[in-house]
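Both complexes shown next keep chain A, but they swap its partner, so chain B is in the first and chain C is in the second.
Then we have the complex of A and B:
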């Protein structure tokens, strides 16, 4: 089995994991050399980024090498990159992390109650199943 | 050295390494025999440090003007200085002349980058690492943007592929800011992408 699933290629969507644009989703639009890619997103100026700052995602869109900004935004909309990202488990995790980090004390209290309730329900179901097996 | 001091010095050092392109335009002072002396333009690369910049200005004036025009620093004037910068990936060829411990050599180097300053920075750092040649010992003769067909170096040519595709082999797990860096980790990081 081929060990690599995500490739650096034109149209690959990547997440910036370091630096000023941390957390942004960008599209690899061209490759400068072994270490750097030309990277673009609808809300940023096209710039070069080191691969060390990028984490490749599973999402890939269909574009030619170095498209104009408009020619980049259309395929992104069509492929619903944002939706795909927010529905993927990775994307969802990041959203949840952000939300939890911005909770105030009351929010954290509510979260605690919700967790206890959920754990209680799970334990009830488990107890029921155990009873059935024992019987 | 305390940690913050080291960080500061590294920060300033890195800032120092940003090369800026300056276009120096100069000519000899107009004299009675020569009312409108020819104006010469020279592209120079210097870092932020002021000392470097003036050193290069002097180099320009002494070396260049003097050779061409019999103009010494005392009777030459600098007319303008400005900077450039664009955003498309280009292949650059640099002709340079550098001084090694043995003597002078000429070189042709090919690099890929978006900006001219970026290429110059690449060139200086690579010459320093591969040939141990420092900034003052390198003279840039010519820099040219080259169409992909005329590229000579395989290292650049391998990126001339509109369907380029390669995997990233090692995933370096890095904290998103230097503040979150720790000396010890609880478990061994997994480097598999």
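Then we have the complex of A and C:
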């Protein structure tokens, strides 16, 4: 119905998709102008970022405009931003991607064996179901 | 020359700034114990006169002088030693061969020979690679290590690989192969999937970027 679901607002958690802080979760703490936001995270210095460097997430926390660092960290802990992120399907995908990229050659081999095994089991179950339907 | 000290002396006269020492000449005289050396030698510094030279044998003038001065070749103090082994390659490392008949095979590294080449084995029963020499440049070292403690590789050197009979493999070499491999295979079977891993060849698939892969 509405074309947009995630809005740029104070307290919106965003993922940095370009630059030195690539992959970090940051909170939009103020809007500078049409293109830039003031952005903050517990482990970084508050800085401005172009919206093009941010991808908005579903997570939003309740803060006032430009809070102090401590007043930023508390609502983040309360809303369990990190937990919510790591349990969301998007966050889980990123964690898996990072883990797969760091696999060594033996790890990739074992992954291949596991995929083949899983696919085999799925195919067996499917064949059983098909037989039941045919019977 | 006087006998060398076992531990080098840290300077008795530390620098305050470059060019200025902490202690004056007279203080240093005392610190170095030159007064003790003098006292031991009766008030004077010990003199070491050079020994009287025994008369050198009378040199006959040479019969032949070259027309032009012959140049002496430049001094070469280089020592030959085996190629520096990459830090990632230690005994027991699984290597991926990149060229030759066994291209793509994953293989166990045993030791570096004096020529610099790497001694490597399949093991033969697992992937068909015998005890073989391989150049370090044609190899990718993975981070997977096999326990190689039970294997004795003392007897293998570069001379072992010189071929007297190019047609037939002597029985002795076959026995050496099995001797090395039985121990290795036991430690390989201790790790799940490692045997299948060594039996498979490595290849780049679609989407694999070698500069981004972790080996």
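Everything that follows uses one rule, which is that the second predicted complex is superposed on the first by the 135 of 135 C-alpha atoms of A that agree within 3 Å, B and C clash if a C-alpha of one lies under 4 Å from a C-alpha of the other, contacts with A are read in each partner's own complex, and residues count from 1 in each chain.
Heads up, the rule we're going with is that contacts are C-beta pairs under 8 Å (C-beta built on N, C-alpha and C of every residue); 3 or more make two chains touch, one makes a residue touch a chain.
The shown structure was predicted, so the numbers you read here are calculated from the model rather than taken from an experiment.
Trainee: Chain B or chain C: which reaches more residues on chain A?
Mentor: Looking at chain A, the partner in contact with more of its residues is B.
Trainee: Regarding the shared-chain residue A:101, is it in contact with chain B (first), chain C (second), both, or neither?
Mentor: The second partner, chain C, only.
Trainee: Return first, second, both or neither, reflecting whether A:129 touches chain B, chain C, both chains, or no partner chain.
Mentor: The answer is neither, since A:129 touches no partner chain.
Trainee: For A:66, using the defined touch cut-off, is the partner it touches chain B, chain C, both, or neither? Pick first, second, both or neither.
Mentor: first
Trainee: Once the structures are superposed on A, label A:80 by its partner contacts, choosing first (chain B), second (chain C), both or neither.
Mentor: So A:80 meets neither chain B nor chain C here.
Trainee: Should A:111 be classified as contacting the first partner (chain B), the second (chain C), both, or neither?
Mentor: Once the two structures are laid over each other on A, A:111 reaches no partner at all.
Trainee: Based on the A-chain superposition described above, do chain B and chain C contact any of the same residues on chain A, and if so which?
Mentor: The answer is that chain A has no such residue.
Trainee: Quick one: in the complex, what on chain A touches chain B?
Mentor: 4, 6-10, 17-18, 22, 30-33, 38, 45-48, 51-52, 55-56, 64-66
Trainee: Please name which positions on chain C make contact with chain A in the complex.
Mentor: 94, 96, 106, 142-144, 193-194, 196-197, 200, 202, 212-215
Trainee: Going by the contact rule at the top, pick out the chain B residues touching chain A in the complex.
Mentor: Against chain A, the touching part of chain B is residues 87-89, 111-114, 155-156, 159, 162-169, 171-172, 174, 176-177, 193.
Trainee: Mind pulling up the chain A residues that touch chain C in the complex?
Mentor: 101-106, 109-110, 113
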